[in-house]
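In order of appearance the chains are A, B, C and D, and numbering begins at 1 in each one.
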């Protein structure tokens, strides 16, 4: 098995490597190649990974390169975790919209929109290399906004792309702890879009325990009321919609996450340089992305035929959710066993969330078109349909400010 | 032909009577009965209508009653133009939401929502009388919010209801004047919901003149840009979405429409009392609702087999618009010839407006359920999905304030 | 206006010319070009048409050519009425299936299937010339099997094709006579596929007269019972399904229609040569195709903006009929006014005919693919799903016999 | 766990009891009640079952009754395996249609149709008792025609019904043997209706082995060709369609299955009476229904939370198969884990079988209506759409003969 990690110089990668080390016990001849355009980070991260592998005596052949085309041939899996523009670009996503009283965040709202405009053209460029060098490889996408990036990949390339997020696995783990069972004994009846998803039912060993599970949720009073309104448990990111104004105030008051992350990353890189460090340092947990390696390795095991069962991933809808178009990427449970991928029938969206999901999907689809075509008009109408904007004149102002801030990182937007 | 006008004591009614007077030349034996619970207004309006009929020597048998059950038997058409709570309730719709920085308006946003909660139970009560006394009658609904009221009627009663609005006929007239043709030579490819509709194409005598028509629209610079973004011409009410914040400021600065209307109504009633007045006074034009009698009479002519052709009305979707549920009332062109009503296939919603229409429809459907079931939870989630609210915590605050203000006018809302 | 008639040497053409002569009063500068590969017939038919025009002093510029490419440039309308293989091929359609106890007929069953295999590739060749020389022209297709040919055109070319049949106009005329009204006062609620269609409701001047209309149908006892079972009035061709075995016996016993037509054609061509003949001879009525010129000219008037209203034509389904795919050609009423074409929403198919229509559509779609791809496998499975065959082994036998009989007229069928 | 077996006096029951004996090791306190109206058979079968249980020392509390209402209270599972009219009625199904040259068979064609008319009203009567006495019980239906009976149950009662057939498990076993793996390592991508189903893909341990699997099928030359045409492996019963005429000849030539079964049953009952017999006798295998107990016990284990995974069962479509109505029962793989039942998304039907499946489903739905309403008209149109009949006049003749033969066993059919 050969895996390529694009953006392999990320400080996250030791987390992912832990997963690959577990995997190496089951998948023979595992080769992992790190690809990154930032030579310095790549060397540092390569160093710590190498020491982790050696210390554990894991059967992994590790290498690194700055040239994507060198890494891709014969790959079975390509993990995409790039961040176009780095954390400085993220900082813009978190600050520019706030000037207009609207949430600044890297995936939800105008911040996620800017992220999509920057990222989609770059990822499609990567997809063209994959089509050329390893068309049979699975592309596992972690790059945010993961749902939109995956939809762009599935519509504008022929790459076998799957979008992944660590929210679902964290939900499963939470309910497993709550009921003192193993994660695989929990089944979530779950649906929605990436970062706009809902747990409709919780089953433990085939028993519907939804009422008990929801009553025990470790949430605030506000959030408990929201669960009651919905009759469902919403993804963390829904607070940006349901407590829209409160979250803007909270975010304005707090240091920006991008700045925190920049600082954490510097600390981590310093730690990684320590030749005596042979394990993922505990400080990495501050970086976020908990269990993302678990999600990734589980998916690789599923796709490689090493295990079978349901995993919640981002795939084309194709009729699973009735109230969304067939060609919309959705985040839903899919039964995976090697080359077999079968999402189950979700059916109608509950009326309490139908409109929100539908309008965010329209926003996403128009944003993808705007990114691929460089269309200012479509970009405005995408933002204007987003629940956090809901105005053409406000959309224009935010878009203009984002164009200004992002400069060359954005595709050229034609009026 | 027998027509019953519920809310016949409205100062609007002389406008409608003008239409009936034109109709009386074509429909023999026309009887019109005014029904109103406000005796005083009913007497005054009856007086001016009677003098109008006599002066014109029209063949109309006019009567009035305060008892609905007396009026209904044998009716062919029932025109519903009641306003539950009168203009004082409308004043609450226009002011309460503004306290939270959200549009106050009688049909769009939380104001329309409050109007729906007040109105739907009352109109369903009327529907039960119609089912009993004249089940074959057509119910032509003008009562706002017209789309939601019509959907409630079609879902919770078996009455043959059609929702009507004067916007479409005003569009047709505008384009007819623009191209110097008769209204019936204009064909609008039109779709959406009541007060959330779009002209996609304009045809004059079978020729697609959309580009020319849109370039000549008598609109502001802001609105012209919106037309370009959309590639369509939006209903007037879309400005409340597309220029959300600007409209809130504008409305805050202006006197409330309900207060203006209250004043105009007083003036009109005084005028109507003048025994020498035998015509609709010019001051009525200030009241709004231009051409609503034209729309109503045209519809009656269509349904009575006196003319055939397309009219834009509110009917069940049933597959006409692909991206909306079958059981959603939509405002679309319908070919009508007597008992024959055939909407044409609209197909997919344009992506630039798909999300907005879908989320407003989800809001509408949940509002109707909240009104019929008295559900506080559903009312919150309805408002929380409305593009002008987009927040559960804000929805709660607005709903609580509306419950307070409306008191007994609201159905009991159970938590 | 310029019209090209492909297959203009047909003995039918004088019927069509009568229509164009009526049209010439309304459409200025009408030019008509006949195209045919059979020089002799072309000359004879040109002669009689020319005399008809002159005698009536009609404003039509008539010409003829054997070269399609010479005729097409600047055409507004192209009428396609070719018959690939002529009446001798039709004779095979009528006889080969009978050897296996299955209906032989030029449009329904294996005969229509053979006709499609012969015809579709040729018509698609014509479509490529139209795309090159007159891409804006409307192609009005009369060539049988008209539904399948039109679906092939709309799927495998970009030509603006409409399929036409004379059944619907004959239905309208029949009901108009029955109720002593003009044809335009009759509205048929009609749906289905070409030669597999049903009248669901009959309206006269907006009044539902279905029960009276069905009770007065001039049909046999057997047919009346069928109307009762269906609650609808089926197209003439449904007898080949509903009285399957009886019709096979009847057809076996009768002379073949192709042979009759060959004889009638000879007689007509002789008549047409008479320099004194300046009118369509009465013998033409024996040829069939009554009122097909009325249908054609009506359609041209609709498309040219000379009249507006509903006409029953073959167009893409696109959601009009819920139980059929979007990309299936169906025969339904379409409101036409110049470039405006709007089918109305048909909705669900009645259960009594749903399966029959669906399986015939599957047969049609697979036949079109078989014709375009030359696929023996698809041809077998197409026939095997046809209600008159319903067997793979029988389908193989019939297909082999048809391949034998048609020789070079068939596309090469690859196993 | 309490299980009720309706039709428990069937000679099949020892097969089923073997399954319950395996189950008794996992499900504590297992009680099984046999219900049958035939006292004699019930006693004999009860005797052998009792001896089987005792000999194996299985933990099963067995009882019997002729009164359904006594058996039902507190049941967790109700297995329905009645045969209305017994094998003598089956003999009519196998012989009457043959008089008209049409297949006689207990599930496919007019025979299955007659079986449905006899059986559906009786099973709905049972369902009303279940609703009253044990509304939470699962009803596992084996009674043929299993798909139609299950659809009737799900539409006309509120019972939790699942239709079961032994074909799918036999497919899985066959492929497991072929690839030398366990049955649970085989995944069939399978869809269709009961006795009208197709294996689209075969996966073994997550690997697509379809091509190899299909090349190794133990089938005749004729059947191999059919597999090639389809690109799929059809259910055994498809030969009645695809080799329609050959199968009629074969069945005419052979002794009737009902007569064979009557004889086998007599032999079995004699054997069962032997007080020394304490095991299922080998002669039972001649009775058919191989592995039906495996299917039943597997389903009970799934529903009781004793195992999890996919099982192919008959359930409401609800969007799983795009080209069939939502309210159609289909036979598809469903992931089951206790109360969790999730069918995966099948999507579009392949064109090579779309028409056949659609028309048989229309036939089934109309047959169910005919059975419930006693409608002669609907019965005729149901049969007239069946691929083996395809004629109204033939449908009338067959229906009249079936009414004659079935007498009181049929519901009254009103013209």
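Simple rule for what comes next: a contact is a pair of C-beta atoms (placed from the backbone, for glycine too) under 8 Å apart; a residue touches a chain by one contact, two chains touch by 3 or more.
Model, not experiment: these values are computed from the prediction.
**Student:** Of the other chains, whose C-alpha centre is the longest way from the centre of chain A?
**Tutor:** C
**Student:** Where the CA atoms of chain C average out and where those of chain D average out, how many Å apart are those spots?
**Tutor:** 45
**Student:** Per the centroid of Cα atoms for each chain, what is the distance between chain B and chain D, given in Å?
**Tutor:** 55
**Student:** If a residue has to touch 2 or more other chains to count, which residues of chain D qualify?
**Tutor:** Residues of chain D touching two or more partner chains: there are none.
**Student:** Tell me, which pairs of chains are in touch?
**Tutor:** Once each pair is checked, the touching ones are A-B, A-D, B-C, C-D.
**Student:** Taking the complex as given, what residues does chain A use to touch chain B?
**Tutor:** 222, 225-226, 228-230, 241-246, 323, 325, 351-356, 358-363, 365-366, 369, 377-378, 380-381, 384-385, 387-388, 390-394
**Student:** Going by the contact rule at the top, pick out the chain C residues touching chain B in the complex.
**Tutor:** 187, 189, 203, 205-208, 305, 308, 310, 318-320, 322, 335, 337-340, 342-345, 347
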